[in-house]
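A, B, C and D label the chains in the order they appear, each numbered from 1.
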Amino acid sequence: MDSAFGQLAVLGSSLVLMCGLTLLWRRGSSAHIAAFAAQSVALAATAALIAVFTGSRELWLVAVAFLGLKGVLMPILLSRMDRRLGGPRELEPYVNTATSLVIGGLLVVLAYIVTRPVLEVSRLPTRSGMPLAMGLIFVSLFVIISRKKALTQVIGFLALENGIALLAMLGTYGIPFIVEMGVFLDALMGFLVMQIVIYRIQETFESIDVEQLNRLSQ
Amino acid sequence: MTSAALPVWMVTSYLAGALAACLFPRGRLARWLTATGAVIGGASALALAGAELMRSSLGGGQEAFHIVDPLSAVFLAVVGAIAIPAALYGVGYTRAWEGRRSLRMPGAMLNLFLLSMSLVTLADGIFWFVFFWEGMAISSYLLVMTEADEPGTVRAGNWYLGMTQFGLGFILAAFFLLLPPDGSGDFTALAMHAQTLSPGLRSLVFILALIGFGSKAGLVPLHVWLPSAHPAAPSHVSALMSGVMIKLGVYGVLLFGLRLLGGGPAWWGGLVLVLGAVSALLGVLYALMEHDLKRLLAYHSIENIGIIFIGVGAGMMFLGYGLPALAVLGFVGGLYHTINHACFKGLLFLGAGSVLHATGTRNMEEMGGLIKRMPRTSLFFLVGAAAISALPPLNGFVSEWVVFQALLGGSAIPQREVAVLMPIAVAMLALASGLAAACFVKAFGITFLGIARSHEAREAHEAPVTMQVAMGALALGCVALGAVASAMVPALGRVVAGLAGMPPAPATAVGWSLGLRLSAPGAVGQISSLGILLGLVLLLAAIPVALWLFRASRALRVSDTWGCGRIAQTPRMQYTATAFAEPLRRIFAALYRPTEDVSIDFHPESRYFVQSIAYHARIVPWFERYLYDPVIDRVTAWAGGVRAIQSGSLHAYLTYLVAALVILLGLLLLWGG
Amino acid sequence: MPSPAGYAVAIAQAALALLLAPGLVGLIRLFKARLQNRRGAPVWQPYLELRKLFAKEVVVSTNASWLFRAAPFVVFTSTVAVAFLVPVLAVPSPFDAVGDLLVVVYLLLLGTFFLALAGLDPGSAFGGMGSSREMTVAALSEPTVALAIFALALGAGSTNLGQIVARTMADPASAVSPGYLLAFGALFVVTLAENGRLPVDNPATHLELTMIHEAMILEYSGRYLALIEWAAWLKVLLFFSLLGNLFVPWGVATALTPASLGWAFATLIAKLAVLGVVLAVFETRVAKLRLFRVPELLAVSFVLAVLAITVSFLVR
Amino acid sequence: MRLTYLALVGAPLAAALAAALVRPYHRGVGVAGALLATLSLAAALRLTGQVLAGAAPTWGPSDMMRVDALSALLAVCVAFVAALASWLGPGIGRDEHYTPAQARRFRIFSGLFAFTMLIAVTANNVAIMWVAVEATTIASALLIPLHVSKASVEASWKYILIGSVGIALAFVGTVLGYFDYVHLAGERESALNWTSLIAAAPSMHPRVMALSFVFIVIGYGTKAGLAPMHTWLPDAHGEAPAPLSAMMSGVLLAVALYAIIRWKVVVDLTVGPELPDRLLLVLGLASLAVAALSLVGQRQYKRLLAYSSIEHTGLMCVGLGLGPLGVFAALLHLVNHAVVKGMMFLLSGRILDRYRTTEMGEISGLLRTMPVTGGLFAAGMLALAGLPPFGIFFSKFLLVRAGFATGHAWLMAIVLALLLAAVVAMLTQINGMLYGARPDGVRAGETRRWGLVPLALCAVLLVALGFGGFGSLQTLLDRAAEIASR
């Protein structure tokens, strides 16, 4: 039973990570949004999976919240934002796609190295997914660094949050519910504030090309 | 009043003076209250120091002073002794500020400055020492900035505070390296702990302390702030800064060298000696090229600090070679010159202040003939000039004589190659004092003698009474301190007695008498400063009597100066300060690297008629150009590089963040596996 | 303990120095004149000059202050004070304890200081020029003097003149030691510089561009000039006495008997005459140096002094 | 005690709510907000008194919230600067450059900002602490472009993105710490409580906790403005309205540092102090170096102050890595810095109002134009330079002493050199503003004189802090340092 649980958990984690890598591969905003939505759904599914095997009621609620908030609401908001901002497809990123994917692979390897002490400690069946979650964290960071459009950076950030949530679920079967709710609230509010600021940028700069944001230096 | 109450009196009256200045920003009463606080405070400090010095020289212990030891008492006495005339002088000097600027800040800071300086000498632990050390720095900085409208003042202030902070770093490091394991900052505990340290560490501490305190004292090459900051301050503050504050740098070196570290290898002394000799010579050489009266005096402070450090360095060398009797002589010379320099440099700055007060300029080229407009000021200034030029029988001569004698004792040093250092120091000291005399002929001659070179100088007025009294007191001090040499030297000998393994009772080496007789190994010299003084006075009185007896003519006719046949003599025909110093400028051209611009404005009709000539002579500021500027440039270049981090690119910023994460993870692997 | 007789002799030798000084200068002038194939003025000519100057009225510049009038007295006083300290006839003098060789040097500097100030006082261009040059030369000769003192003190173990003389007399070999000889050379050059002799300065010229000492005192006349001149002559005599008695002390009286004092007087005259001849020959042989070559001459004397020290250290 | 605590955290929240509900904006709301902020400060002081009496009260489900000496110290600082900013912020005075809408927005978000910071410092649960710190970003980000301009919007975006990413990493650290705890002691509601972590720390896994600490340091370090994660700070502090800059610089950095301290205590117990100390020393020194050199040649005074904040945070960070003595010094430095930076940024607001420029080159004669403002600015500059009698002198002294006492002589040599560069750079530039002639078109004389009273109070407080504080502060610091370096 544990081994099946473990393998399913790794499967779920892999899906989540794959969706993250998709962000590096695809260019268009809508593709990014779709990848993010898929990632969130996979994350919700993993949460549900853990809920099934551990019988935790709270984790069910978390899964539902993931699905609703990140799988549905945020993608919708993102799409609206994308439509409103318009603009070209993702500009040529700082690092081209092929290199990005190679770097993504290396980051996953790094994640394995980094999480080694964690794996030594854990006895949970889900533990083998943790490097993948850490990998997603690194890959999301890379997305934020290497992509130029503000929208893509926001999606990268949301993927980063997904990675952390995945790490928490795999490592500890979820953090205490009340904290989880606080984190959700923060995530939502943070997202909304980012949205507002992006609209402000559009108003004042008439573009959301992040490269233009270099007035302040030294 | 018992002497135990003196510290309380001192602190209270300084604080009261500061408070009075805060409450009354203007008016005669304000000026007098401010000065009264400082005068009473200074008098209490003097009394406190005097009580301690008397106690130590009488050898009895009837009253327990834990807060003053003889060494600090000397410096406390210097603070108090100069505080009184300087404060009094301030009453008259600040009257010119009425209506132009508030007296609040200068008055309050003057008192706090004096308070800090007094308490630095009394501090017996790291924290309070550093606290008041910095208090001294900040209050004097604010005093320097009093006349911030004058060109150059802000720059001077920046240099000053910057060098102060530079020195502070070294002082802190020196102190903290001595910190015992229990963290006690008491000087006694530090001294105990210092004995357990390795020689290398002790030497490091000494060098750090020397740099830190040397920057305050104005030792070359840490002197760059001094010639700009001291002149920028109001003159009575300049007197205090030059006369007193920089001496606390000497105190710091003695504190470390003798009290905390308890003496060290001879090369410490050698280092101090060499730095002192270089400072003495360079100080006076730069003074010679200076035509700003107060800057000239400031450069002479560097020279005299150098002389003090020659004495101190010689003392430390002798200590290192196990020649305690000679060591006492060196330290006594240094301390004696410390006191004397405070007196005559205080006097000279006050005199320069009176000139500034009367003419509104510090440029000697615009002065001249002031001896007729300001007879008393010029007499006092003359006394100071003679004293600083080491002319007998004044105090400057006597202390330099003691330093000379200590250096002559250098022949007792067993290592010949080291002993040869001493004659070189003697030669440098002699050259410095000779050049100082030349420089003060220039300073006094161009400023006070001849014909007025500007309208302001022609219309100059004598200083107010308070200023005259202050200068007069210091002038008397210059004479008195020279006359009482035979009492001062043994008294100062007792001050250093017992420190760092020096004999507890050096009275055997330096005895009481009307004459001053030194009999240390290798050096025997004997003078009687009082005898010289009396002899000179008697002879001076005898000459007119003799002239009268031999019926010399008494006829006197006043006529024009001989002008090569030209009838009207104008001020422009006089020698200028620049011209006066020109031979030396050429002789030391290797140092000065002088450059000059002459622009001649010819008459349009003929090139044989000149309408005007403008002459600008500049010398190379070596230390600024080759020591400080490169450092500043380098830091600025680094700063440019670092500022490039803030490129404005968000992606770069995020990359830094991730890179920092990766690096720390790497460090984790490195350190923690 | 000095006796009243000691004081009397000390005062007497100061007075003697004062009286002999014009004669010495007259002698030197005479020697020089003869060397230059002139007849020259008689030896007592300087005494006549003094008498004349003391009788004449003083002309003072309108610009001059009290300092101008005080300076001759200060200069004269300081030089006479030195006469009390320098062993002219007898050692030890009771005034030996009042001042040592350093005091001598700085008392002379005191005179120079005031004379230089007086040069600036009337506001003439010459005075300033003279002061500037005089102080330059004085300052540059200080290190040599100090080192020479060091070398002498090293041998005698004291800076006091009486001690030095006594030590040399007790140990005649030291007088011909290389250290002493080099120090003598150094001091001789300093003597030239300090007294305004050729090749540093020409006491006989009033050519504007080359004057040093004479430029400084150009405004003086009458009794003031007399005092200054007399002081300058006294200074020559004192330097000669120093050179003669410190390095070749034989003849100096150590007991206050008439015989020894008489012998001392005789040797003194001889020494002064010899040195006068040397100076006269020297001044006849050399040309005046340009002002900016003077430092080189002083550098030579400095090197001599440094060598003197080094040798003294080596033979110690 | 519960009521006091509610007053502490509730008052700013109430102020924010009041401003949100009353439309259009009314000055009364501002005054009420300021009074509430003062109430919060009073509550903080009262709570401190109780803590000093020996209490360590806890509240909430499974003791989520807890106040001990360290929390109390931070709470007082936060409440103090918040009150200061509230009294001197937009929406109270008459002649100011804010519209009512801007004033309302300021009131709402500054209230929330203070609330989140107070929650952060009084949370026992480290995840709640994280949530609150994350919320500070949200609350403050929208205030930066109070005056909308390209620069302020840009600063805001950089702030929110860098801050969010950084703080997300801190959450990774939190999760890792929780993970370790859960594997030791099982899942529990109180598992994320700092008190529980402390209790379990000695038997937790060093390598996991070390990993966790790296993420914590990077994450909270971003908020604290430690180099090289500091890049948002000069922009945000430079562009934000002065009262917000005061809060951000004075206490937000301190709150982030507080979070690091809390975690460091746990990690010290697990891993041993050596590794965390080293990490903090590295980051502290890097911050100090970057800040000191960035101060050289800086052209804008608000950015100058911002870099000075980085410098001082770096110094505190170094102090935290120097053992108990250093921690004490760092905490004292934190208090001093909160007071002086609060004052300096609010003064910079007054200067900006008058001169209408942020360029130092265009400002001169400040001491003549506004004698009191200029005088206080000069005093603040001297305080920042670490001169007596101001408090920073004391804490700097203690910090350097701690460095030497723990055998970090070389490190301290570098620190002293960097401090020298920073002092000289600040001094020369600010002196350029203080002296000289007043430019044409700039009016002389002070306006809003009452606003100078609280600022002068800050200066007095700073001097008081310079004399080693007054008995109870000393005790509080002792206790706090004891907690922070057990």
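Details
The definition used in the following text is that a residue touches a chain if its C-beta (ideal position, glycine included) is under 8 Å from a C-beta of that chain, and two chains touch if they have at least 3 such contacts.
None of these values were measured; they are calculated from a predicted model.
In this assembly, the chain whose C-alpha centre lies farthest from subunit D is C. Centroids built from CA atoms put subunit D at 31 Å from subunit A.
One finds 100 Å separating the Cα centroids of subunit A and subunit C.
Centre-to-centre, using mean CA coordinates, subunit A is 69 Å away from subunit B. One simple way to say how far apart two chains are is to compare their mean CA positions; for subunit B and subunit D this gives 44 Å. Looking at subunit D, residues 157-158, 161, 165, 207, 210-211, 234, 294 sit in touch with two or more other chains.
Subunit B has residues 643, 646, 650, 654, 661, 665 in contact with two or more other chains. All chain pairs in contact, by the document's touch criterion: A-B, A-D, B-C, B-D.
Interface residues of subunit A facing subunit D in the complex, by the touch rule stated above, are 114, 117-118, 120-123, 137, 141, 144, 150, 153, 157, 160-161, 164, 167-168, 171-173, 175-176, 178-179, 182-183, 185-186, 189-190, 193-194, 196-198, 200-201, 203-205, 213-216, 218. Those residues of subunit A that touch subunit B in the complex are listed here as 94, 110, 113-114, 141-142, 144-146, 148, 210-211, 213-218.
Residue ranges of subunit D in contact with subunit B, taken from their complex: 157-158, 161-162, 165-166, 169, 206-207, 210-211, 214-215, 217-218, 221-222, 228-229, 231-232, 234, 271, 275, 278-279, 282, 289-290, 293-297, 325, 367, 382, 385-389, 393, 397, 400-401, 403-405, 409, 412-413, 416-417, 419-421, 423-425, 427-428, 431-432, 434-436. Within the complex, the subunit C residues that touch subunit B are 54-67, 73-74, 76-78, 80-81, 84, 95-100, 102-103, 106-107, 109-110, 112-113, 116-117, 119-129, 131-133, 135-136, 138-147, 150, 153-154, 157-160, 163, 218-219, 222-223, 226-227, 291-292, 295, 302, 305-306, 309-310, 313-314, 316.
Partner subunit A is touched in their complex by these residues of subunit B: 643-644, 646-651, 654-655, 658, 661-662, 665, 669.
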